[in-house]
Every structure is written in structure tokens, then in C-alpha cells.
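The same chain A turns up in both complexes below, where it pairs with chain B and then with chain C.
== the complex of A and B ==
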């Protein structure tokens, strides 16, 4: 590897040496922090992804040492390789910030602004991006493109209305399964992710389309509308799985497992394992193992403290152990007298009902049944 | 500094303190009657002054326009529930008084719920609530707002767990009068309509 040529690239006045053939985006990710351009379609674990959403545009103010002319237009950093001596401007360029804000606005033209409903809210890259650029409102006055909701099999919900056509899920099906069964039908404004006439997607690893989806277009039906991610407690856990690595993040509430996802790194991508492969998880782990007893809990997952998910303060030892009740011990075995047991009055969070074990989203029928 | 404080007298913080009089009472003071009459004169003079109190249940004082009272779960003009159970009020709540359970709207329920998700259960623990109004501020759907009444008293704690029965505003289509009464004089804020 010592033979590898190293290129010196300067991104936002920070110089780094990267091997030849690295894209600007990956070089910026090596620096990390605010310098990294956002990416809605590029996914480092998926071959050939990127170049579609244009959110990672950067300005190249100096092409290379040999040819110092700047590039005439903003370039997609996920698709442009670095050259020796290249100088790139990302957040230091007003042009880039302006272009990116406009791109976010374009992405939001057809994307419904219904984050309060969407299950992806709180971990949605488009939501983050729009708020970062002050484009959380809309200037669009016309009818948005809408689609019917589809069930891609019993576990995956497709809501095309939210899709930004990043193609990540298509690449997942291409690269993780033997035969892709869904793709983009039609073109232009009518382009949609679909199976040919509402087939269900059945493959052990197809559930990963949920993890790669940057928006809430593909969501977990077993988790749909059950809870908000910021009320859940992310825990690293593993199990002995014959098909996949079995290393997952459990999203708990109390002892209930509401959702199982792959472990995501700081770029929102599925983590790599020690051997370099990607920790995709299989459908059995994701959808069917919804009991704490199925898993070996490793500990709370570290969540960026800027994320709304960390508002639950479950990190450290808090999430791991139940607090020890000391009252009984110091009062000679006498239990504290409760003035009111909240569960005797409250209809929410009843201990006898595990919302996480209902198959799909709860409906009025589920709730009316419980009243009897 | 420490030496100064330990001097004979403590330094006075204000100059309003008076020295206590230790003089023996004079003859007029020993009679007491003049002082009693003087006091009674002040008391009776209040009969002719404006009353500072009101007769409460019949008369009520107007609330301040920024008064934050009992919560109301709002409906839109067609009578559909606005709340989508997004959980932002529960996150914003510093007292952790708000809990909810969401459900998906079934086909045919479009006239009951505005969005595809709604709060099947919504509870506010009024024993915990501090009426700070942060839930109202957090709500992206104008679904919850604090009205101009306060939570009525109750004999038991159980009566303070308010569910949707207590919180939901009457339907403006089927019960317009009850809706107007519950809505109060203050217009609910209508900001974004996304």
C-alpha cells in the first residue's frame, strides 16, 4: 500500500492527504465535521450510488497543481475524484450554500411537509438538511405529487409521496439480493419506486431498504406509528443469527423492543464490521425478534448529542440498569405507600398491553377492543 | 472587611429601621379608648370605599390575555381532530405530563381525523402539569392550546388524569354552541397550515 500515490487536497482550508481515486466527499469525510458535504443519495456501502440528489455540490476553486484553473460549475463531490493540489470550498463558499439551499427547496417541492406524522422524523436527513438551510417552510403553492401507499410485503411500507428518488433502495436490491424485484417505473414527474403490479418483496436482506432510505418513503411496518424515535432507547445488541451478523441496534421503551435496525455510523450509514464487510441485517432479526430475551444487550448506543434522539438521556449507565429502590430496605421491609398508581387510571402505556407486539400499526379497532 | 463587620453595631442595610420606644405610656394612651375609636374609624370608613373583592361564582374576573389555563385538543373547521400524535408536546413538556398512543387512520375515518396518523389516546396528568404552555408552542398542527379556564378541583387524584374525553373540544359541526363555549373568547392561534 506504500506504493499508493497520495494526493494533497485542501477542503475549506483544511489540507489532507488521500489516496488517488478518492472522491471529494470521502476526503471531506476523513476530515469530518461541518466540512463534510451532506449526501442524500450517495451511500459509501453501495456501489455506484451517488450523483442524483445534488446536495453534495462543492466549488472547486483550483483544479489541481498542474492545472490550477477552477472548475467552471459546482461539482457533485460524491462523483468527483480529488486531484493533487486541488482546493475545494464547501461551507466557505456562498455559492455552494446558496445552491444547496435551492436544491433542498427543490427536493421539498414534492416532499410532503408532514414530519409530525412521518416515522422517519428525528433521524431524517432531509429534515436535518432543510432546517440547516432554513428551508423548512415552503413557497410551493401547487398540488404536490401524491401516490397511494403500498405494502411491499408484510413488513415494508412504501409511501412514494415522500420519495426523493435517490435510488439507494434499488442498489440495495441489486447488491444484496440475487434478483431485484423493484425499481423505478416511468420517468420524470411520474417516476416512482414500484414493483411490477404490487408484488411483495421477499428476500432475507430486503429489509435493509428501510435503513438506507434517507427519508420516510420506506418504513418498517412493524414499527409504523407506534412511537417516536426520540422516546426510544437505542441499545446495541447481538444475537447468533445464521444469515447475518446479528449485530443490531434495538430501539427499546422500557423492556419492550419497538424496532430493530442496523447500526448506523456518524454519516447515517450502516456500520462496517471488523472484517470490513457491512453489517446489513436480515429480515428475521429486523422484523421477527421483538423480545428482549431474543437478544444479548451490549449497552446503550452512543447517539450524537445534537440529535433529538439523545434528548431521552439514555446514554451511560442510565439506560442499562433499573434504579435500585432503597425505600423498602431502609424502612424495615415496608413498601412506600402510593397515593395513586398511575396505571389504575391512565389508559396510555398500560403494562398489560405490549404495543410493540401488534403486527402492523395500531388502528381504532385495536383501541376500541381494548376498552371492552 | 471581616474586621469591620465585627465592630459594635452591624452596618444597617437600609435606613428604614426605627429604634423601639421604651417610654412608659402616657395617660391618654393608658385609657385605650381613643386608640380603639381611631381604629374603628378606619374600619368603618371602608364601608364607603370601593370594594376590592368580587362575589366569585356569580362574578368572575377577566383573565389576562396571556393566561394559560386548561388544555384543549383542537379540531379543524370540519370537526376533524388536528392532533397527529407527533409527540412534540410530550418532548417539550418539562413536567413530563403528556403521554399518548398513536394509531393509523382507517379508510372511512377521514371525517374524524385530519391526518393519516392520530392520537388514539392522549393524556395529560394535571397533577404534573405546570401550565407553562410549552406544549402549545411546540405543536406544529395547532392541535393543543391552553384555554381561559383552569382545571376544576377534585376530591381524588384520579380525577386529574385528563384523557381525550376531557380535553377534546366539542365538534364545531354537530355541536356549534358547545364548541364556541369551549373555545372561549380567545382565538386559537392559527399559524402554519402545512
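== the complex of A and C ==
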């Protein structure tokens, strides 16, 4: 093995060395925190993905050490490789923030915003994106587009109106199964995910389209309308599965397993196993094994501190990822000053309810403030 | 009478057949190139000629050819982009229909220069009969030894295949064309890698417009330097302009880029003036995606100089007061035309033709269309005009391929130069559905922030 060339890249005033051939987005992910551009279509485990949603646009203010010219347009950080000495502006560039806000607006004009009845709510990338970069209102005054319903079989529910056409599920079918049954039909704003002739998606690994879907367009029929994700306890578990690695996350409430998903990392992507392969799970694990006795429980799953799922406050037992705080570095050493602790005035999210202490299913009364 | 080097023989009886074309001096350039020149020398000659891509972007062809990667053992391809779908542009169809052997001749020379043994013509599905004409021409060329194995004893093999598209505008974008040629969905690829490195089947590929490839023939016949003497400045050679709209003589004209826009519109040799004695209101000089220009800015630049029909002069003033040569689709609007309706028609086209791959174009084009329809129908609001401006600004430059830009520019230019007409559609809604604004008092373009 030859020595890997390392390239020095500066993203929002934070310098990092990454191997040649790394994309700007992956370099930013190594830094972590706020300087990482959001990505709706890029999926590091799926070859060829990315470049489509345009949420990860960044400004390259210096091309490289050799050619310091800035790039004329904003570039998709998920598909642009770093060069030595490159300087990238993400959250420090007004142009980027403006473009990103407009992409969010574009993505939302035809999105139904049915979060209250959407199973993806709470772990939806589009929700996170709109929360961080969106505006409070919409300027769109027309009817949102709708689609004819397509039935994809007994396990996978397709809500085409929620789809943002990231193509991730198409890549999953291309790369994980021998035969792809679904794809993009039509074009433009009426392009849709569908099977050419109504057909159910049947393959041992096709269930992974649910995990890669950034929005609630593809959801688990066995979990549909059963529970909200933030009421569930994510637990790592495994079983001896003949088709897949068998390493999954169980979403429990009490002893009941509500759903089974692959283990996702802090970017919402399915984790890599020790041997470097991706921990995709098979349909049997995902849809059939819904009893605790089917599984060997390993322990609680670490959830990002920013995720609504972590609002269950599984103190001590369930670890929470603390993302790297980059604010000070981005601002050249200046520290932010906390003006007010929201928890001292707000009744919402009062950190005194401990889901892990509740026996059995939690009820709404459990979330009322207890005065004892 | 301007110089004609492409269409000079286009109207000779029977020029479509090999015999007549050959008799009139056809395939001389193939003989010259394959027998006396090396591939490098041809590329050098094209560089010297200063030929610029005739498909719209105007990129120097010789430079493009020199970027072609030449790894050992990997075949290279030349693809001719005959997916001419820009509204207002029909010059390639004319060329292919009347003088198909000119394109075949150019293709053989260019294939030899680039080392392409399998060359493709990607033609749009609507040109069904043109594809048949081309196939017949290819047959004739092969029968006479200008295609196939060992052409003219030079040891160079070349086959030309005609590939019919399904009629999508987006497949005129070179990477979408390549995807479509490979049999996939015509979605543009993300660049880099550029086609010159990884194109058709991941092999180095050059994609050129029909007219560009046809222009290789006179370049070889005349020599690059001689060709460069035609035209002016960096706009060398001749350009085919497809003129349409409210003019007396719509059609395809070959110009040598030294004539003024005024002469082109009003002289009898070309468009022959505005039809029915009307006055000129506006013009889209290079196909639907380039900015529209009001009459005053069309005939004279913002500096007061005469505007000429060439790359530099048409783009003089940037997008604030200029336009682009584009693909040469010259659309003339007289005083009876409504700019709002015209813009809506274009927006509808781009909404329909967006591939739906990247979000700004997919969602933005539909939004613009709906807003423009509302304005056109007299149901709009003043704020819609600002909203349109904002949407086009957010599409432009943020998309994978230039279709986003192409959709944004006409809207931007229409608002930039004809904002008063848009406002009139709001303030005089009832009137706007029955009549139109007529000739506006647009002596000075209304100031709008450029961004």
C-alpha cells in the first residue's frame, strides 16, 4: 500500500487534513457540528448518489494552493473533491445560506407538510432541514401536486406526495438487489417513484429503501400509524440471521417491539460494520421478528442530542451523541454568550421526565409535569 | 450578399444524393484530411479557425477537441448533437434535411481527427424523416468508400450510427444526451468528470452541434486561417440563423457575422422587415433561453453603438443590457405581441422539459409557470413580479445543468426590460385579458437590481 496523500482543506476557518479523493462534504463531516452541510440526497453508502437536492451547496473561496481562483458558482459539496489548500465557506457565506434557504423553499412548495400524521416525523431530514434553514411561512399559493397511488406490496408504503426525488431508493434497489422493480417515471415536477406496472417490491433487502428515505415517502407498513418515534426506546440488538448481519435497532415501548430498523449513524445513514461493509438488514429481520424474544438486546442506542428522539431523556442508560461544538472556531475564537436559558422559562421540554423509568407503555399523563 | 460556405449549395437540385453532392465538390475535405493531414494537424487547423460551438454556449471547438483524453486502449467517441429542441431554433434540421452529406463529411473528418471509430448522431425523435435522410446519406457514403473499413486506404475505420431520441429537450444537454445514448433515463450527469474524460460508456467523448461539425468541412477545404478571415473578431466563420416570428421572410439564413441586427431584420436579403408594417417591439436573438431584448437595446447597445449579429456584440452589456448569440434562434416580436404571454409560454416549456432531477429547477420552473399564468390571466399581484424575480435568481446557477439557467434567464430579462408591462397586467387586469400593452415606452430600461 502506498502512502495516502493528505490534502489540507479549510472549511469555515477550521482546517483539517483528509486523504485525496475525499469530497468536501465528507471532510466537513470529519469536523462535524454545524459546519457540515446538510445532505438530502447524498448517501455515502450508495455509489453515485448525491448532487441532486442541492442543499449541500457550498462556496469555494479558494480552489487550491496551485490554483487559488475561487469557483464561480456554488458547488455541490457531496460531489466535489477537495484539493490541497482549498478554502470552503459553508455557514460563513451569506450566498450559501441564501441558496440553502431557497432550496428548502423549493423542496417544501410541493411537500404536503402532513408531519402530524407522518410516520417519519421526528426522524425526518426534511424536518431538520426546514427547522434549520427554512423560513417560517410559504410564498406558494397554488395547489400542491398530487399523484395516483401506487401499491408496492405488503411491507412498503409509498407516499409519493412527500417524495423529494433524492433517488436514494433507486440506488438501493440497483446496488442491493439483482433486479430493480421501481424507478422514476415521468419528468419534471411530475416525476414520480413507481413501478412501471403496479408490482410489489419483493427482495430480501428491498426494505432498506425505508431506511434510506430522507422523508416519509417510503415507510414501514408494519409500523404505520402505530406510534411516534419519540415515544419509543431505541435499543441495539442482534440475532443470528442467515441473510444479513442481523445487527439492528429495536424500537421498543415497554417490552413490545414496534419496529426494527438498521443502525443509523449521526448522519442518518446506516452504519458500517467492523469489516467495512454496510449493516443493511434483511426483510425478515425488519418485518417478521417483532418479539423481544427473537433478539439479543445489547443495550441502549446512542441518539444525537439534537434529535427529538433524545427528548425521552434516557438518563444514564441511553447515551446521547454530543455533536462537536464548532461555533467558537468558526468565529475565530470568539465565544458565544448565553443570553437566556430557555429551560428556565419554558414549560416545554422540561428535562424532568425520564422515559426509561416508566414501566410499560408511556401515556400522555406521564408527560404532564409531576409535582412530587 | 454575405459569404455562404455551408448552405451555398443547399438548393441545387438533388444535392441530397451522393452523386450530385460529390459532383459539386463534396467529400473533398475527407480526401484532403485523410490523405494529407494528421489528426493533430486537423485539430490545430480547427483551433486556428477560431470556430466556436454553434449549439449555444459558443465554446471554442478546437480547444474542446484538445481536451479529449487519449488513454491507451480505450476507444474514443464523437457524438453529433442533433437534438435541436430549443424553441425558435431549426437551423440544424434545415442543414440535415437539405444537405445531409455535408454533416456526414464533417463527421468523417472530425472522427478522424479525434480517433472515433464509432460516431453517433443523436437526433431528436420528432425529426423522424430527417433521421431517414441521414441514414440514406450514410448508406451512400459507405457504398462510395467514405465510411466503413479502411476509408480511402488510410487505415482509418469509421461507422456512423443514427440514434433517435424520444423528444426530450433535456437530451440536448451533452451529458443527458450521453445518458440517453447509453439507453438510460436522460438525466444530466454531474460534472466533473467532463465527457472529454468520461463520456459515452465512460469513454472519452466529444459532443458537438450539427452546425459545428458541418463547419469543419469548409475549415479543411479553405484552411483554418482562411476561414478565420470570415467574420469579425472572435466570431469567425458563418453562422446559421433561424429567423421566425413577426417577420416577412422567416427561414434559415447564413450570415457571416459582420452584418448589423438592424440590417438582418429589415433588409430584403434576410428577414425582410416586420410583417404587416408593424413596428418592432422586442427580439429574442438566440433561441428561447437567451434574454429578450427590447427594440432599442437590440439595434443599439447601451453605449449607443450599433449591435451586430455576432457573439461579442449580441452579448455586449452582459445580461443587464445585452443578450446572447445562443443557438441562433432569432425570434422577432412585433408591437402586437405580449411579453408576459411570451414569457409564460417559455416557462411552460421549461416546466414541461425539466428532468426533475435537481430541486431548484424541478420545483422552481413549475412555480414560475403558475405565477406567469396568473399574471397573464390578470389575476396576479404586484408582489408576484418580485417573487418571480426572486425565484429565477434562486434557480440560476444552483442547478446541475444549464436548463435551470435557461429557464431563469428569459424570465429575468422579461422582468428587467418589461416590468411596466407586467405591472400593467396587474393594474389593468380586465383590459389585459382582452388586449395587450402594445409598444411600451421602454426608452430606458427600468432599473432593477442585478443579482
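Note that the second predicted complex is superposed on the first by the 307 of 372 C-alpha atoms of A that agree within 3 Å, B and C clash if a C-alpha of one lies under 4 Å from a C-alpha of the other, contacts with A are read in each partner's own complex, and residues count from 1 in each chain.
Here, a contact is a pair of C-beta atoms (placed from the backbone, for glycine too) under 8 Å apart; a residue touches a chain by one contact, two chains touch by 3 or more.
Quantities reported herein were computed from a predicted structural model and do not represent experimental measurements.
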Looking at the overlay, what does A:121 touch: chain B (first), chain C (second), both, or neither? first
Look at A:113 in the shared chain and tell me whether it touches chain B only, chain C only, both, or neither; answer first, second, both or neither. first
In the superposed arrangement, does A:342 touch chain B (first), chain C (second), both or neither? first
Using the touch definition from the top, say if A:288 reaches chain B (first), chain C (second), both or neither. neither
Scan A:142 for contacts with chain B and chain C and give back first, second, both or neither. second
Looking at the overlay, what does A:225 touch: chain B (first), chain C (second), both, or neither? first
Return first, second, both or neither, reflecting whether A:103 touches chain B, chain C, both chains, or no partner chain. second
Residue overlap on chain A between the chain B interface and the chain C interface none
Taking the touch rule as given, give the residues of chain B at its contact with chain A in the complex, in rising order. 84-88, 90-91, 99-104, 106, 109, 115-117, 120-123, 125, 140-141, 156-158, 161, 163, 192, 194
Which of the residues in chain A come into contact with chain C in the complex? 50-55, 57, 73-74, 76, 79, 98-99, 102-103, 105-107, 109-110, 139-140, 142, 145, 164-165, 167, 183-184, 186-191
Within the complex, chain A is touched by chain C residues 168, 170, 185, 190, 351-360, 362-367, 370, 387, 394, 397-400
State the interface residues of chain A toward chain B in the complex, per the touch definition above. 113-117, 121, 137-138, 224-228, 230-231, 308, 311, 339-340, 342, 344-349, 355, 360-367
